[in-house]
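Have a look at these structures, which come just after this line.
In the two complexes that follow, chain A is the common piece, with chain B as its partner first and chain C second.
Then we have the complex of A and B:
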């Protein structure tokens, strides 16, 4: 823990310097939450507030989405970014939600965060496992940054991605059609349609969401399986090719729906059909569903 | 015609013997719609199981239209447009191709039978292809029976 505490001090120092020198109007980081196993995103605007910043094993929130709060201002914003935050920031830049010039990225190397739900169950002295999304993480460090906090690291350009295969997706694919449907229905029977997954998602940045307005008649207010499925499938296809695999949707879900099962299926298919692609690594990349090749497969015709 | 209107001709409470599939065809204005028109002009017979919904381009078909159609009680959805290279808007159908390749796999993944979501290229001259396509799809769906997956509440009673 020693190093993370030291890093917390460095984080605060960096944030204070940025705010004092007015390099940015705000700094986005994490502060302590209500419990020892919780943190909350913090948006700081005054140098003296930077004492609130923390960097510990429960900094689970992806901060990128909070950049949208500054979408309509001219001010520059500083943001702490690990691999997942970095990919989220790129997501927003690529989707033209925010200018790269308006963001000051402070890179961090992430050791992997711990599962806060397990922590609540097991108590402070137990050995808490890594959060699921961190276990599966492939890019723990920010790949490009303006400032760096912690041990200096060489900005390692990722090797060309390989076509991903997810065992949980593959095992689902083996089932019969009716079993698949039953399984899918059982997951989404629970959905409350609280839209927390949408709100936390860096790829969900439409100004007007079809699920935000029932007068458009796309989705009814009624909470039933069919509507829940409509929401799940529509959202999965809306973020297809743009999902950065941060796993925030699944982490935030109050009824523990394995939302990433849908996203992973799409990611896996994109990799195998159109070539390996990791979203959010480079804002200049062509997006799989925003581009095409003349040689694309035509297996369904 | 909106999706809702196109589907408003509800199937009467089912009597499976007389059951006919209900197939929604998204037809691109420039190729398939004209192709379907030619099918009629040429007096080529095809099953009256299809509801044709004209769209400016197959690229206009948003996946949510398809899911909505299944919710509203359609048994199969067919997305049709110009052949690659012939799109009126130059590249619209290339995007369709990628999108529906993914969507079809996703629908299969959640347990829909793959026959229920199909895509095909039909040009304005391919009246016969249109006739064959509709006949084939209708046969496939007849064999599968009515779709009960993804349907919304108004069908619940009918499901039991």
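Then we have the complex of A and C:
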């Protein structure tokens, strides 16, 4: 049985071996954070540092995005990857931000992580529920990998997307236009425009985000509802068809905006219009909004 | 210092009938940077253009706004005008106050005037930000490709070749000639179709500037105007073309008989065959699907008999890639499959035939040597019914459009029948008679008056066999009476439809097509033979139903346009193309995926980051391929690709002028 403690040891061992044998110049994993319910991404380059690695029920961060730190190096980087990290890595490969040959994927099977906010609230002895993003997870394991840590796995079957129906999108669709607007306004009135959702997102890899470029005149820096809504909609459309549903944006939002609602609405619409599609399963696949067929539906035209 | 001149056009009463042009010109005087503003009856006319040139000089204007019609109509006119006055042509901005304003709000004069003022306000804001753009040149390959060897393709090729350009005709059938080769006589003159077509076929084959690539299809089209790289699949003919003398012995002894495509199932052909005796090239082809040798590996009679040793069973398809400056698409039409009509027997009654089958039956070189007899029992028909609009003007089962030729060829068929069988009766069921062409109405009159054809206005509701007759039931809507005719033969004037694979070819070439898969011209009046892809032109029925005179006329028009392109060693390209901001481009490649013209590529950029030399990929645009559609600018998340003359800054200036 691989309890998480035992697995942590295996993680450390694997990472040490990789760094010692110079199979990769760095290993990306998790280390303990400030509290018992927090971890932080760890980027390790020396074998002795690997003792810092942990694998526990609060490894909430998606690690994929940290690969971007190595964009300008020629060295290989090893990264621990569950389903969500794996899809994030594919996101970056498909967006041509990293090369597959420069990444050593160490596959993991994820039992689902716990809600750190609930943990802080309820205390260490309480029964802590799963994080929302993990409750909804459909791909807990890395689908392809170079190394595997944990119980040996049967060869994964090629994943196939299924048409998704999200209850929160369904109830949103039931609302009148006015109610939708009110709901939207109420959510985004709170937005601080801290851009944490953007910074954590594996689909956000522009060299210069248009929200950081005031010369383009698209948006102003003012923090008001109109600009916030413009930001929210633009971001939703920029990740449309590419969102890997890791839920990091929503988890990280300091004012608890249900950011995934817009993403899910678009994902559901894409499934409906262009057939079921889960982003980040295969970097070679055809992105529904990054390709066209002459038979594409165009009822909206 | 930007000094804008605003010129408001009345377009006769097209604009001024709705919009108060003087008020628009007056209002424009208060817009930022406007130095001069005036209205005039016809801005595009000589005095109108002179007015602009004079104002540029007198008021030292350096940006021009013309408020008139669509830029599709007169942007080039005004660009040339300001260029002659010494300004960069892209300093002109047009406000479309006709199509976008006066024409759509004819009953709201006040509102329309207000809207026109807003449109001008936006145009002024954009004009101020317009940048000078320079046209560049690209070389032109002096060679044309004609796709389709029917009458339109042949005519276009001959015109181009006579003008001194080298032309390749690609025809997928074993012979050129197309549908016209199957037709007996042509309206409205009743001269023989072959007498017009076959000499042209010979001319094309013998012309030093024309190469025939028969039994060949377009595999792939790359490149852009002046430089199309086209891959052509030359299908294995199984005959060595340079050795075969066309003696025809092989065809006589071939043991296989299958329905002849050319004779529309009314006669048989062999597995080694030429489609018709006047075929060009008059050398056979082996139909590998039916040839015994290819099916069972035995036979080889044709090979044994061939005195020249021209039969080659081992031939393979060959791919040929050539560069062309211009492409003329002349792929013609197909006939509507009337088997969807239960009332006409679902295509199962042997004596219900199509108009084109009738052409074969009455043709002197057809299966009956021109003796009209019905297919079922070879008897001479006495009562013949012709039904118009089978599949045309019928949205329920067929096509919404009129096929344009059927009224005329039905009149021709009626005349030919009455000419051959004096004691026959010919009834034509029609919806409306449409005879708009030179000599067409007179031809129709002759078919009634001279040949005694009986026209019945109404549709046929049912045909059913009774003994050896076909009972045709319909209604005479002029008399409001049911009609019943005991017919020996029924001829259906079936609709002209696009080739079944027209859409696939369009996708290969990158041209548009309509809901019925006919190719779309760039503009019905301003550019009727051009497509939206520069350097690709249309001829004949692939663009829409057309008769022979129209197809030939359009073919010559397309050839003239292609000549205009090929007669210069290089052409100017439109500078309204996209450009990449390499500084912010993340090299994600989304623009590559969605570019319909394959105009974008990734290139490696070497730069110094924090003292280290690093490489990264950025997008780069091929200006020759880019058509300025702007799809990439919308897909780019960081806004790193922009369309010149329609930059974010320019568009936002318009939005701000309107909304702020």
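Please note the rule applied: the second predicted complex is superposed on the first by the 296 of 301 C-alpha atoms of A that agree within 3 Å, B and C clash if a C-alpha of one lies under 4 Å from a C-alpha of the other, contacts with A are read in each partner's own complex, and residues count from 1 in each chain.
The working rule: contacts are C-beta pairs under 8 Å (C-beta built on N, C-alpha and C of every residue); 3 or more make two chains touch, one makes a residue touch a chain.
This structure is a prediction, so every number in the text was calculated from the model and none was measured.
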(Q) Taking chain A as the common reference, can chain B and chain C both be placed on it without clashing, or not? Answer clash or fit. (A) clash
Q.
For A:22 in the superposed arrangement: first (chain B), second (chain C), both or neither?
A. neither
Q. Taking the superposition as given, does A:213 touch the first partner, chain B, the second, chain C, both, or neither?
A. second
Q: Please work out whether A:96 is in contact with chain B alone, chain C alone, both, or neither, and reply first, second, both or neither.
A: second
Q. Who does A:226 touch here: chain B (first), chain C (second), both, or neither?
A. first
Q | Which superposed partner A:292 touches (first chain B, second chain C, both, neither) | A | both
**Q.** Chain touching more of chain A, residue-wise (chain B, chain C)
**A.** B
Q: Examine A:274 and indicate which partner it touches, taking first as chain B and second as chain C; both and neither are also allowed.
A: first
Q) Which of the two partners, first being chain B and second being chain C, lies in contact with A:205: first, second, both, or neither? A) second
Q: Just name the clashing stretch of chain C against chain B, choosing from 59-67, 77-85, 95-103 or 365-373.
A: 95-103
Q.
Using the superposition on chain A as set up above, list the residues of chain A that contact both chain B and chain C.
A. 210, 217-218, 290, 292, 294
**Q.** In the complex with chain A, residue positions of chain B that touch it
**A.** 4, 63-64, 67-68, 71, 84, 91, 94-95, 97-113, 118-121, 149-153
Q: Enumerate the contact residues on chain A facing chain B in the complex.
A: 169, 172-173, 177-184, 210, 217-218, 222, 224, 226-227, 229-230, 233-234, 236-237, 240, 262, 265-266, 269-270, 273-274, 288-290, 292, 294, 296-301
Q. For the complex, which residues does chain C have touching chain A?
A. 503, 507, 583-590, 593-594, 596, 602, 609, 612, 614, 616-617, 635, 637-640, 648-649, 652
**Q.** In the complex with chain C, residue positions of chain A that touch it
**A.** 71-72, 95-97, 205-210, 213, 216-218, 238, 287, 290-292, 294
